[in-house]
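Written out below as structure tokens is the structure these notes cover.
Per-chain numbering from 1; labels A, B, C and D assigned in written order.
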Amino acid sequence: MHTEEKETGRLEAFSDGVFAIAMTLLALDLKVPHLGDRASASELALALAQQWPSYLAFTTSFGTVLVMWVHHHGMFRLIRKVTSGFLFANGFLLLLVTVVPFPTALISAYFGKPGSAVASAVYAGTFVAISIAFNLLWRVAAHERALLRSDAPEHVVRAITRSYLAGVPLYLLATVSAFYNEYVSIGICSGLWIFWAVITRNK
Amino acid sequence: MHTEEKETGRLEAFSDGVFAIAMTLLALDLKVPHLGDRASASELALALAQQWPSYLAFTTSFGTVLVMWVHHHGMFRLIRKVTSGFLFANGFLLLLVTVVPFPTALISAYFGKPGSAVASAVYAGTFVAISIAFNLLWRVAAHERALLRSDAPEHVVRAITRSYLAGVPLYLLATVSAFYNEYVSIGICSGLWIFWAVITRNK
Amino acid sequence: MHTEEKETGRLEAFSDGVFAIAMTLLALDLKVPHLGDRASASELALALAQQWPSYLAFTTSFGTVLVMWVHHHGMFRLIRKVTSGFLFANGFLLLLVTVVPFPTALISAYFGKPGSAVASAVYAGTFVAISIAFNLLWRVAAHERALLRSDAPEHVVRAITRSYLAGVPLYLLATVSAFYNEYVSIGICSGLWIFWAVITRNK
Amino acid sequence: MHTEEKETGRLEAFSDGVFAIAMTLLALDLKVPHLGDRASASELALALAQQWPSYLAFTTSFGTVLVMWVHHHGMFRLIRKVTSGFLFANGFLLLLVTVVPFPTALISAYFGKPGSAVASAVYAGTFVAISIAFNLLWRVAAHERALLRSDAPEHVVRAITRSYLAGVPLYLLATVSAFYNEYVSIGICSGLWIFWAVITRNK
């Protein structure tokens, strides 16, 4: 029992490290405009303002990964022990979390330009993949309550199963809508993390 | 009670991770001068010396985030439990902390050049936003002592409330003064973290 | 006894930090294609697709470091105390782990081009070095059971010794085969971490 | 007493985070040679070989920071409590540790070229500064045994004081010798961390 607790602790700390680093690396996508030494203050202000897709993408990615961290957190509170299968399912989720700065940089660079549809679809598609990984991780833990604590209430377990499943079609919708209107696509992504933050907050 | 303690522990560790990474990433803004293979020793020395705004901005940002970490530390010692609202208020603060390398790179690139006023205003403005986030976080915890430990002395709680409020107008002053004199603006920012470090040290 | 436990704890946390950061920095090798503002959606999609060696290298490196972390994890469960020699053997392993993003970037840049053989050999060669470091670390701990817990079963200790030794010739094979066929070389590297993940999973 | 222990724990974890990140970021200084798509395997091999100063600088910096981390580790085992003064002395040390990737990149870029003397002097000079910060931190803790555990043996405390003092003149020698011969300068820096690793190992 003692060893099991320690096990979960190290995995949580490791996962938290990856979440924290991935979130902090997002800020590296905020680029200083290169205007040369003679750029006037108003030119710099304009260049900074024109980078708004970067700021939107940064905030959306940061918020989404933060909400995921909170959920990861909540999931681990119900978990009693860790198996190798769970370790690798968690590793798959972390792989996708570390990838997030890449589509964020992509949408920052191409939003509102001809390549916008592809960049937005890749961005939303990353969150489809992360949602699937979350469901996979939860399934490894919760299927026949294999890794759950005995005091984890069954209705809470079911509520989590339902709420995780909802993420996949919603991000799929954002991915498909990228090919029609990139503003709708990023809007869905931004709306989703705010929605989840608000409902989590009220619980 | 046991679960609550663990909860705070994981949030502290996660926050510490973000603070530590954000502080370390600041050093990526220190750029090696690209002078080509034939640059003489004195040309390299000169180029390094001319980068002094980078060093000042790095030190100021590092010092400011360090002082914030110390305060974050002190705040958590008074906190008994964590709610989802507190989690997201903390997330908002962390978002702004991870952003710090961006205005630091901006002021490093444009200080003393025509774009200086805008770069300095964005730099000081980031700390206005962080001060507001700190006040928000503290308010969520301390309003009607919602999340505080019962043994947290009321006069300490009030002293913290007062000292956090002071940050907002002081950084606003630095932001406004950027448009008149960039040296005054960065001087206020540098002075503030040193002042806070000294008064914290004497407590 | 109490101090020894704490000792191992800090070393594990430090090592986990290095593993987590090295894994997250791998994502910095995923580059946004620079096609200019007028690139069409299909040009962007094509450019992203042509970067497939980056994605393969990223996944292989991430998976390999993840498997190593799981093994590092398993090794530490058998260890009772830490000596300075073990600390530096562990440091040598961590040095090589932090290096991984470099050969990953190298193979991403040169795979399928004339420089491919050298890039692939350096990539696989890095894992030869890491395998050697792992064996060294384990030898410091397990030779005459110097640092092992008294309750670590002898057959488990021997099984670990055997399984670690297998890594060296397999990665050497990948290194040599890089000069004949780069696809075989990266294929061995990818196959190995998947194989290890699967056998670990079934244990 | 309980609160004090927790205090030290959080500071250690935070410091470990900064050490771990700074060590991992060093690897970002290892650059992939940009030779274009038609570079032959032998051209790539040559370009990689010519980057040897990068590898030497990376290894020296990693080894030096690792030895510092081990010493930081050893120091904290003797420490009973943390004051704000100690917190900021530790912060000053961490600031310098995060800076290390900068002189490492500098010496990687300019070693063996005309700017070599300045780059080597800045490199060694960074370690002079870090040695001073270490002595400062230890002084805050050990002066009149202010923050030490009561069971910390006096002869151990004195031995640490002596061994830390030795670092300053040795790195000063490396700094001065940079202006005569850069190989001697980096040789001293490399020799020192290996020497410290070996004597620590034998203790």
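The criterion applied here is as follows: a contact is a pair of C-beta atoms (placed from the backbone, for glycine too) under 8 Å apart; a residue touches a chain by one contact, two chains touch by 3 or more.
Since this is a predicted model, take the numbers as computed values, not measurements.
Between the two copies, chain A and chain C, the Cα superposition rotates by 90°, quoted to the nearest 5.
In a homomeric contact, the two copies may use the same or different surfaces; for chain C and chain D, under half of the interface residue numbers are shared, pointing to different surfaces. When chain centres are set by their Cα atoms, the one at the greatest distance from chain D is A.
The geometric centre of chain A is 25 Å away from that of chain B, both derived from CA atoms.
For this pair, chain B with chain C, the centres built from the Cα atoms lie 35 Å apart.
Shown for chain D are the residues that touch two or more other chains, namely 13, 17, 21, 25, 28. Because contacts link each chain to exactly two others and close back on themselves, their graph is best described as a ring.
Pairwise, the chains that touch each other are A-B, A-C, B-D, C-D.
Of all residues in chain D, only 3, 10, 13-14, 17-18, 21-22, 25, 28, 83-85, 87-88, 91, 94-95, 98-102, 105-106, 109-110, 113-119, 122 touch chain B in the complex they form.
Considering their complex, residues 12-13, 16-17, 19-21, 23-28, 30, 32, 35, 37-45, 48, 58-59, 62-63, 66, 69-70, 73, 77, 197, 200-203 of chain D touch chain C.
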